[in-house]
């Protein structure tokens, strides 16, 4: 194969590649062997520690309710954050300077702050708040934190989505006499939604991952937290971690794949404007704290990586 | 073109809606109004327990609850007029107990809840119903026999617990403290040698040590580092309920149910419990 | 108004933020090194290395950072005995474990940033370089990397800022950084709003100038195409 870095390999390069492959295989095997040995040494491979996961009880009593809470918090956060994000995204494009200023400040502020701080703060505010029981409080706090942060991120996605549309769309709308609100509501926003769908879906991965913070820091009974209750029963700390990590990987992988599928599908749509905000687009917006200073929102720059382009949040 | 966009948009909306609703089956219990039904003495009673303490309050794999606290709570609820199927157990983590009572989320709490002056300012206590002591859990072949042996050793406890800090402050100032999210994590560390001892109430430690995977591997050091009088927490000012629960606890001891519950829950753990405490008799 | 701050000296407010900075710096350096290695694997001519790089990135990116950080403490340290050269000092151990976790996680994002940077260089550039007889190392060193590096600053800045905020997760294993202190303060003091504002301000100060500077730099150095 040829790429920007190297040509199709000749005989010498082929030999070198074989040697590199062998060395790498040996190194990998050594690593795996070490992990296996250590696990065995510490009696972590005993079947009795893994066996609970083959019973339905471990799933129906601990893991699935935990996963349900994780998805519930993530889904709620997305559903609430999306309209909020749209509102702020549009406000940042307003013709009025003060509207732009206020929306911009709010968005930049919440993007500069760790989501954990927002959760801790919300949790404290909700303590003793009428109408929120001690049982529900962690979930409320987690959702609040996630909404504040992700609405700001989505605001940038929405803004980028609208800016990605060809200028002719606005001009044509103005030419036929639509008002500003009409232009936004019936011309720009519907098209922008399609443009940014993949980016929005892959932001869901970031949200799902961040719910785990609540599980550890706020005792929110999510997947990660129910792992603790499970381990109290079966005394299998490592094993439960491995299983929970695999569940997270599968869930997020499904979301990521869906986002890539969506992106490719939208990109193929010939008659659309052709602008698509791929999952990688979030990269430009996820955590800059510097707002539009970057202008680094990669429109249609998805290189087929297919991964959520979040910057590690 | 339109159709394709619409179908893609609809698919996304569907996924989002599913994640939001499919798992929202128990939404009805989430609403704040629900909590008021518990204070009226309706057809259900909410009781706060622990979910992760073998021998005291544990959520079992089949979804039921077991342990001494659970048995006491069930007995008390029965005396208050609630059959076992009318009890709804709620997890009350240590830090949330006062708040849950003050708000009326639960009627009473039986969750290794030691009576002390600071807590008594915020909630009312019935009982005590068990006298426990802070102790150490060590490896079966450990040479730690007294508190001062902990100097230079690694001591594990859970986040938010004061027992480890107490040991460091008053008994072994050179001990290294490690805080984990739960006791089972401490036990895993104890087994592998990452920590040398685990400290909390002996009743809790005994329950963990009796778990099948750990049988014979650990022992209690048998130090009575403190007195922990387990009481039943009730909303501040609800003296009527306190009196009723006290009467229930007295009856539980006199009709032998207390002894049975102790045997059933602590027996396998080989835990030498104290005699049933007298109501209102708090051992300092 | 700020009286309560004097009640906290282990850590103090400044001490906690200093810990956040230290976590960020060590993790940033570590993840640059490991992330570059991963990126090298992902663009290497050896299929197995490419496969490993891809698998690593896709697995690590889909696990919550919280799971990774908690696992370093409960799994690596407690069960596997990886005490990071400090078996008897939980504070030092916790710090090093947290850095290890952040490096493992952040490297996946660094790798993707670098790879996408390399991908922005048009193939024609390298082909032209090879056509005039430059060797592999010359192609890489004189043509591809200088262009890729400029394209990478923006994405890497995002990763760095995300990392700064992510260091708060270290509170989950008891590292006394900003979020750890905030949790302690906010639960014990009455001035909830004030405490929230103080810590929010701290992070704005840490992330905003970095973001603005690196944003300016990446724009200035951007390759005009």
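Points worth noting:
So that you can tell them apart, the chains are marked A, B and C in the order they are listed, and the count of residues begins at 1 in each.
Keep in mind that, in the parts below, a residue touches a chain if its C-beta (ideal position, glycine included) is under 8 Å from a C-beta of that chain, and two chains touch if they have at least 3 such contacts.
Everything numeric in this text was worked out from a predicted model, so none of it was measured.
Looking at chain A and chain C, the chains in contact with each of them are B. Relative to the whole-protein C-alpha centroid, the nearest chain centroid is that of A. Relative to chain A, the chain whose mean Cα position lies farthest away is B. Per-pair tallies of C-beta contacts place A-C first. For this pair, chain A with chain C, the centres built from the Cα atoms lie 17 Å apart.
A straight line joining the Cα centres of chain B and chain C is 38 Å long.
Centroids of chain A and chain B (each the mean of its C-alpha atoms) stand 35 Å apart.
In chain C, 70, 74, 78-79, 81, 187 are the positions where the chain touches two or more neighbouring chains simultaneously. Each of the following residues of chain B touches two or more other chains: 95, 181, 185, 188, 192.
Multi-chain contact residues, meaning those touching two or more other chains, occur in chain A at positions 42, 216, 237-238.
Looking at the complex, you find that chain A touches chain B at residues 42, 48-49, 52, 55, 57-58, 60-62, 68-69, 71-72, 74-76, 78-79, 127-128, 130-137, 139, 193-194, 197, 200-201, 204, 216, 219, 221, 228-229, 231-238, 258, 262, 265-266, 269-272. Against chain A, the residues of chain B that register as touching in their complex are 1, 4-5, 8-9, 11-12, 15-16, 18-25, 30, 32-35, 51-54, 58-63, 90-93, 95-96, 99-100, 102-103, 105, 181-185, 187-188, 192, 211-214.
Those residues of chain C that touch chain A in the complex are listed here as 43-49, 52, 57-59, 61-67, 70-71, 74-75, 78-81, 105-106, 108-109, 112-113, 115-116, 118-119, 121-123, 125-126, 130, 136, 139-140, 144, 154-155, 157-159, 161-163, 165-166, 168-169, 171-172, 178-179, 182-183, 186-187, 192, 196, 199-200, 203-204, 207-208, 210-212, 214-216, 218-219. On the chain B side of its complex with chain C, the touching residues are 95, 154, 159, 176-181, 185, 188-189, 192-195.
Remark: chain C residues 70, 73-74, 77-79, 81, 83, 88-90, 174, 187 touch chain B in the complex.
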